[in-house]
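Labels run A, B and C following the written order; every chain starts at residue 1.
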Amino acid sequence: MSGRFVRLGETQRPPVTLHVDGQPVTALEGDTLMVAMLSSGGTLRQSEFGDGRRAGFCLMGACQDCWVWTEGGDRLRACSTLAAAGQRILTSQPEATWPAQA
Amino acid sequence: MACPSIIVVGAGPSGTRAAEALAKAGIRPILIDEGRRDGGQIYRRQPDNFTRSYEKLYGTEAGRAKALHDSFDALKGQIDYRPETLVWNIADGHVWTACGNAQEALRYDALILCTGATDRLMPVKGWNLAGTYSLGGSQVALKSQAVSIGHEVVFMGSGPLLYLVASQYVQAGAKVAAVLDTSPKGARIKALPDLLALPGMLWNGVQLTRALGKAGVPIHHGVTPVEIIGGADTGVNGVRFRTPSGQEKTIACDAVAVGYHLRPETQLADLARCEFAFDAGTHQWLPRRDQDGRASTAGVYLAGDGAKILGARSAEASGKLAALAALSDLGLPVDSGETTALRRDVANYARFARGLAKAFPWPADHAAALPDEAIICRCEAVSAGDIRSVMRETGAIEANRAKAFSRVGMGRCQGRYCGLAAAELIAAEARIPVEQVGRLRGQAPVKPLPIAIGEEK
Amino acid sequence: MSAASDIIIVGGGLMGSSAALFLRGHGLSVTLLETDLIGRQASGTNFGNVRRQGRALHQLPLANRAIAIWRKSRELLGADVEYLQSGHIRVCYRDRPELVGAMEDYAEKARLEGLDLELLTGNALRSKFPFFGADVLAGSYSAMDGHANPRLAAPAFARAAQRMGANIHENTRIVDAQKVGEDFLVTAQDGRTFRAPILLITAGAWGNALSSQFGEPVPIVPRGPNMSVTEPVPYAIHPAVGVMTPLEEETVYFRQVARGNIVLGGSTRGPSYPDAYRAFVLPQNTMSQLKQIRRLAPALGKLNIIRVWSGIEGYMPDSQPVMGPSATTSGLYYAFGFSGAGFQIGPGVGETMAEIIARGATDIPMEPYQISRFAE
C-alpha cells in the first residue's frame, strides 16, 4: 500500500499487524507507530483547529504533533511509540463519546 | 560527603561523557533519558534489529559515533540508567520523573542537564501542511527508521544540517528534488576565519555540496521561502520560493524538510530557576553558565547543545567538563590539567560556532514579512495575523502577554517551534529590539504528562 | 506636580478594572495604577468559575448582580471573554453521605435568593453526566452558572474603561499612600505621584501593605492556586465540575473550554511569593490533584496535561473579602482578599464599589465584609 514515507532499506524484518481506522496495516518490527502508519497512509490525525490533517513534524518527541487516539480512548505519541501487534489506532477524534469510556 | 547523588539528564554525547567521567571518579550517577536507546540525536542509534553499518549511518562521523556508543555500552554496568523516562519537573533538589505512568522523585546533590537541542524553525505559509518536517526529523526518519519522509523531498533552510541530510538522502537512494539554502552565498566567506577554527569540519561541508551537485540535485542559494503549497487533507505538493534576483519559482514535491540550525532545549534549566541572558549572536535566551558549565542555581550544571549550540564534538568535551566541575564542587579530587585542556577544547568550538552563526544566519527578518494567513503556532493554529491583531487590540508587546491573549505558544509543544519566530514578529510589529520582547516563561510538565501518572494498577 | 483625578484605584485586577469602568459610567475621573500588567495575578490565574452555587448566602445578591454583567459582557466590553453559561455541578462522595443533606439545605436557602439548584443522584446523575467516577454519590446542579476565561477578563474591563477615559498606568508599583489634607497622595517606585480625594484599594494579596498605612492591618495570607490544563480534546463536558468536601486535597474542579482543553484546579496548594510576584506549582501538588481528578472523572485519566500554573491570591481567615469604606479614613475604600472566590463576583464588586463611591450607598448587603472586623 502506498503511503507518505518511503522505505529505503531494512525491509528484512518480521511483520507486525496493527489496525488503523479499523483496517489492518502491516508494519515491520522495529518501526515506530508513526512509520507504521505513514508507510501505508498519508496522515496521522486531524488538527483540532481546522487547518487540515497532520503527519508529524520533528520525529524526536519535541513537537507533540503526532499524538493519536486508540479505539480504547488512550493517547499515544506516534514517533516515540513502537508499532506493536494488536494496536487499534484512530486517525480522527473519537467525538463526544470519549468521556463515557473509563 | 558520603557518596553524593549525581543525576545526569540526557544520554547523548554530553550526557554520556559526563556519566563516564563520574563513573571514573567512583560515583554511580543516575542517567535519565527519554529515548529507548542512548546516543541523543546526531548519534541516534538504529533499532536493534537493523543492519546498516556505522559508515552508512554516520558517514564521516562514523568513528566518533562508534566510540560514543561503545563507551556507553561499557558504562551501563556502572550507572543507574533510566531510559524512556521523562524529567517533567524539578523542585527542592529533586527531579520528578515519569516512565509510562510510573512516577518517582529523585534527590540530587548535583544535577547535570544535557538536554540537547531541536531544530530552530522560521515559519513559512503552509508549513503546517502534512508532509512538512523539521530537518532533524527528516534525518531521524532516515537514520533511525531507514525511511525517506516522502517520494520527492525538498530540503530548505540554512545550517550545516541542510547539506548533510540532503546528501545522506541521496546516498540512501531517496529522491531529492532540490536544496533551497536561504543563507546568502557570501555569508560563508565572511564567516571563513571562524570556520577555520576546525578545518576538518569545514572540508566536510564543501564535500557535501559537491556530492549533491554530482547527483544532479538543483541547489539554490540566497532564497526566500514564499509558501509550502498543497491541500489541507492531502498535504504538501510543492514549494514556492524567490531567488535573490526576485524571480519566483515552484518545485514540485510531496515532502519538505525545513530548519535553520538548532535551538537548545532549556526548559529544565528554566524549571531549575537558572538565570537566562539574551544571546545577541543567535537571538536566543540562553541559561547563564560559567566556563565549566555551572548554572546560576547551586548544584546545577549545563552541558552540550542543551545550554548553547556548539555541536556534538564540543558536547562531549563540555559534558566531561561539567562532571569535573560537579565533582570538584562536591569536594572530590579532580585533575586540573584535564579541566584546563577541556576548557581550551570548548573555547575552540565556540569560535567555530560563531562562524556557523555568521555563515548560516537566523532569518529574523522573515517574520515581519510573513503574510497574515501564515500559521505561526502549529499546535494552536495561531496565525501571524492573529498575533498582529491581538497586539493592535491589547497593546501586548511582551512574549508571555502576547501568548496569554493570542494563544501563541500555549499548545502541547510549549513554544518550542513557534516561540523564537513569534518573538521576532512581535518585535517587528512593535518596533522594539527582540530582546525587549522577553522569553516565554517555562512551566512544568516540560512535555505532556499523563493524568494517569502515579496510578496504582 | 502630581496627576490628579476624582479617584485613584490601586490594583489592576478584575476588581480594580471593573470598578474603573463603572466609575467612568458615573462620570468620575479615574486613575488606575497597576504594579505589573492588568490582571496578571489572582484575576488572571484563577480557575475561571463563574458560579453562584456554593457561595455564602450573603454573597448571593452580589453574585446575582455579577451574573447580569457576565451575560452582557460581550456588548459591554466589546470583547469576548469566553463566558459560557453551561452550568455548574458540585458533587459529594459516597464516604460522606451527610453532605447530601447539606446540599439540600443550601439549595432550599439559595432558592430564596433566586438561585435554582437541582439535586441529582443515581441514574439521574449518571445519565446526565456519564463521566463521574463510581465514588460520586450525588450532585447539586446549577444550570445558570458557568465559566469564563480569566486571562482575558480583567484586561477587557480595563480596555473598556480606558476607551471611556480612565487613565491606566501599568508597570507602576505604589510604595506609599497617605492622606494629606483632603486628598490622598500616592507615590510610585519611580517617584511619580498621584493625587485624588478618593482612594480605592483593590490590590489583592498586597492589600494589607496599603491598608496598614492607614492603621488597618488585616491578616491576609497569600496562596498559590494549583492549576493544570489538558491538551484539546473533543468538547463533551458542559458544566464546570467541583467537589464538596471538608478536605483540601479532595477539593478539585475542572471545566472544559470551547476549544477543547480541560482546565483542572485544586487539591493541595503551594506557597506563593508576593514580593517576587511569582508562585510555583509544587510537583507533589500536581500529583495530588491528578489523583483526585482520576477519582472524580476516570475518563480524564486517559488524557495528558500540557501545562501547570499558579498565581497569587489573597485569603482572609473567614474566607470573606475586605470590602467597603475604611474604618479610619474618610474617602478610602477597599475591595481585596477574595480568598480564591472573587472571579464570578468581580464585575458585581466593581459595580457595587462604584455605586458606593459615586452615590454613597448600595442595596447590596456589605456588613460581612467590613474591614473593622479585623480591628484589635
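The rule is simple: a contact is a pair of C-beta atoms (placed from the backbone, for glycine too) under 8 Å apart; a residue touches a chain by one contact, two chains touch by 3 or more.
No experiment lies behind these values; they were computed from the predicted model shown.
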{"item": "Result of counting contacting C-beta pairs for A-B and B-C, higher pair", "value": "A-B"}
{"item": "Chain whose Cα centroid lies nearest the overall Cα centroid", "value": "B"}
{"item": "Length of the line joining the C-alpha centres of subunit A and subunit C, rounded to whole Å", "value": "43"}
{"item": "Distance from subunit C to subunit B - Cα centre to Cα centre, in angstrom", "value": "41"}
{"item": "Approximate Å spacing (C-alpha centroids) for the pair subunit A, subunit B", "value": "24"}
{"item": "Residue list for subunit B, restricted to those that touch at least two other chains", "value": "411-412, 448, 450"}
{"item": "Where subunit C touches two or more other chains, by residue", "value": "231, 300-304, 306"}
{"item": "Shared-contact residues (touching 2 or more other chains) in subunit A", "value": "48-49, 64, 67, 75"}
{"item": "Subunit C-facing residues of subunit B, complex", "value": "88-89, 91-92, 94, 96, 103, 105, 393-394, 398, 401, 404-405, 410-412, 414, 443-445, 448-455"}
{"item": "Residue numbers on subunit C that touch subunit B, as the complex places them", "value": "37, 44, 79, 151-152, 155, 159, 230-231, 280-284, 286-287, 290-291, 293-294, 300-309"}
{"item": "Subunit A partner contacts - residues on subunit C that touch it in the complex", "value": "130-131, 133, 231-237, 259-260, 297-304, 306"}
{"item": "Subunit A partner contacts - residues on subunit B that touch it in the complex", "value": "34-36, 41, 46-52, 118-119, 128-134, 136-138, 140-142, 145-151, 172-174, 231-235, 254-255, 265, 375, 378-381, 411-413, 416-417, 447-448, 450"}
{"item": "Touching residues on subunit A, where the partner in the complex is subunit B", "value": "4-10, 12-13, 29-32, 35, 39, 42-44, 47-65, 67, 75, 77, 79-80, 82"}
